[in-house]
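First subunit A sits with subunit B, and in the next complex the same chain sits with subunit C.
So, the complex of A and B:
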């Protein structure tokens, strides 16, 4: 890609040395977040999330299926992501590539390991029939930080989800019948932070330019238990983090979580209400 | 009969591919148009423009089509034994041969002059079916050092440059930056500080978002002075 320029990357490095970013944000500041739930009528739950110019749509579908042999009394969760060429020229059609698989798995891990969905309650008949939850992530525009946007959208879509009516005798799901039963969710609402490392500094919510200028990222999903705990973590990219740097990142993530998490929760709450 | 488009008094209308612009043998098809029987039909999306007998389309979107003589900004993608393979924001890649560089270069170390990922300013010397040839022979051509690179829609390059370079000169003076606009939609900005470069970037984006506004130069000049004052507060 011609727009991934080493000249611009160098300038981003230099500018960040003084704690400045191209769009005048603080290193830990997020862009404006817009959440809209219930964008799709045919899905059980859906959400559209914008962070700045980045836009992600998420849809949730539910189906009755056989449980996995290792969890006969639990529902199934499946997160898949599709990065469309519409969102950025670097993505192409065809089977999912590394980026798409990684994004899907990171969102999956954050939701699964935080035990946000009470999968035990999604069991219909133990060992035979359970609910299967599909979370599908679609990128509409990628202007950096697609992962955080996808994560917020997935949470919003899950909050918006209504479990469809299941007829046990007929063994059929009636998708058309209006349902008021919500998905069994717990208190452990996860929130994802992608921390991008540029030189010896780190930033959150990068733009596309900053993303391509970074050395790599550290992905953390937090649950709001007291004290805040980490439920998923991954480092991607070829770089090393010193112990001091790492605790610095953890402190900063904890600090930002205090302000952004209630803000996003409020946005989702008002959006889910409007959707009714 | 299909409706013709009113093109009197320099009026420009948006046309879509397949649309009949004018009928009759009085007119000649120009860029982005084709003659089909008696009609002149658009095959690009853009504004239909009549200049005397010639009908042409000013495209509103689309990719960069290399033409001989275009000055472009490219990026080195690969190095071969006798030159550089480069990416010029086009479907076809361009080749810069060693012989077209007017200075001494160690043949065994081509990367000393231009390494993979480096940006340079070059002229298109030839367009063949196989690819595009570049040359560095000419004033102001060569490697680009420092600064930032931004990408704009290649069809909006003429508006960013303005009439006889008026627009770009205005931005250069206000932002106190060196700016090179490649015909392929890649823009290089270099100033004394990052703030100046970002200011120029903002101004260029302001222009590309408002390409079809009349009296744009005055508006840009107003925008620039407002931004400058706003920044000081």
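So, the complex of A and C:
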């Protein structure tokens, strides 16, 4: 079993030496992306995203809560991810393990640091009551690059979100009352790139086998300013990276962002429209 | 006021629109989605595979393990991720219901894992979960001696209804609502699961079980068709 996967990893390295991948994609090429919003009626907003055979579902729920002491006039954001045993035999039940915690934190950081959600507008009474936005991620089928899929699904679900009706006098939320109030979002829509390092090459949108064969990944969230800004980043895994390689990756994500970001934006837009 | 007309206009013995789809989780050995109207369940089956830890292994036969979980956003009030008393109990009753249909004698020391997820809930989630799981088990090719189908029967005041919604579950007039979730084997027509919340006479309960059995027969045809459709499609692709 171990020998077999070592062989696969070796092959992936050999292929990449010539710029090739098993499924004939270019190193920076994504698989087909499918987005569907409004997949769960009880959520405030929801979306499922498929990248190739990888599938992730995200739902947004909102509650009224106390603000954090250091941001009394801002709404709260909380991202939780579950890597479900339904989606791959390697996942197990029990308290969240590092992979799930990291995934939630990376999605959280990209959304938070981009200031994509206008949290100031989610304050109800300063210091007392604010909206709490829960973004919950569930893996349905993990065939690699769960993080980018989860990120796109989170953005799509936020765009699909309607703020529920809150009765200030009664201090109660009426989830059943239809709402047209959209979540306050800004222009800074983040897009996440997980760049996987394999030997001295790097690829985007890895399959499960490619992920296992990699040394680690560099995760970057970009916002569409001019020029492009990087709003969060994390090197994840035990590997070394030269400054030259690092610049190459930055150039590459900036280049790929130009085509994939408008494409994904368009997909989300038509799906949000279809869902309503 | 007697319950003379259902909230959503269905006939008393009519289920909501049922959809069944096979093969929704490509990584799994078998998988399916099953829905009663707005109640949706996804099930994935992995196994038979070696069971760890070893002390849980049964040298006589393989074991079936079921886990039922609702997604946090499947209901109005967000559910905290992780197991609850409710989900733990539903996992077990689903396991009991399904285990009686599987034949795992040939697979000692192994486990068949069934994972059920509820992304959207409007009552009867355990029934939708069991129905999805039955299809997924068959899709995975797990040896089975019979096929399990599940439905909830309600008694609204004095009126029996099939496939209860959340709105009906909360009905309070007259004798109120009694909710009876039950599962049957298709061929033997034996009960493999029953749970009841409410108040009902023995005579009425017998009626409810009869209605449940008849309703399950119709649901089974939809489950069977979903499996047949995917088999036909796979055969076509092989050619």
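Of note:
FYI, the second predicted complex is superposed on the first by the 272 of 276 C-alpha atoms of A that agree within 3 Å, B and C clash if a C-alpha of one lies under 4 Å from a C-alpha of the other, contacts with A are read in each partner's own complex, and residues count from 1 in each chain.
Here is the rule we go by: contacts are C-beta pairs under 8 Å (C-beta built on N, C-alpha and C of every residue); 3 or more make two chains touch, one makes a residue touch a chain.
Note that this is a predicted model, so its numbers are computed, not measured.
Taken together in the superposed arrangement on subunit A, subunit B and subunit C clash. When the shared chain is aligned, subunit C comes close enough to touch A:57, but subunit B does not.
In the superposition on chain A, A:273 makes contact with neither subunit B nor subunit C. Within the superposed three-chain model, A:46 lies in touch with subunit C and out of touch with subunit B [touch as defined at top].
Contact with neither subunit B nor subunit C is seen for A:180 once the two complexes are overlaid on the shared chain. More residues of subunit A are touched by C (comparison of subunit B with subunit C). When the shared chain is aligned, subunit C comes close enough to touch A:134, but subunit B does not. In the superposition on chain A, A:15 makes contact with subunit B only, not with subunit C. Residue contacts after overlaying the shared chain place A:6 against subunit B, while subunit C stays out of touching range. Shared contact residues of subunit A with subunit B and subunit C: none.
Note for the complex: subunit A touches subunit B at residues 2-3, 5-8, 10-11, 14-15, 20, 22. Those residues of subunit C whose C-beta lies close enough to touch subunit A in the complex are 24-28, 38, 40, 42-44, 46, 49, 67, 69, 71-78, 81-83, 113, 115, 117, 119-121.
Of all residues in subunit B, those touching subunit A in their complex are 74-75, 87-89, 117-119, 144, 146-151, 186, 188, 194, 197-198.
The part of subunit A that touches subunit C in the complex is made up of residues 39-44, 46, 53, 55, 57, 59-61, 63, 80, 82, 84-89, 93, 95, 134, 136, 138, 140-143, 175-176.
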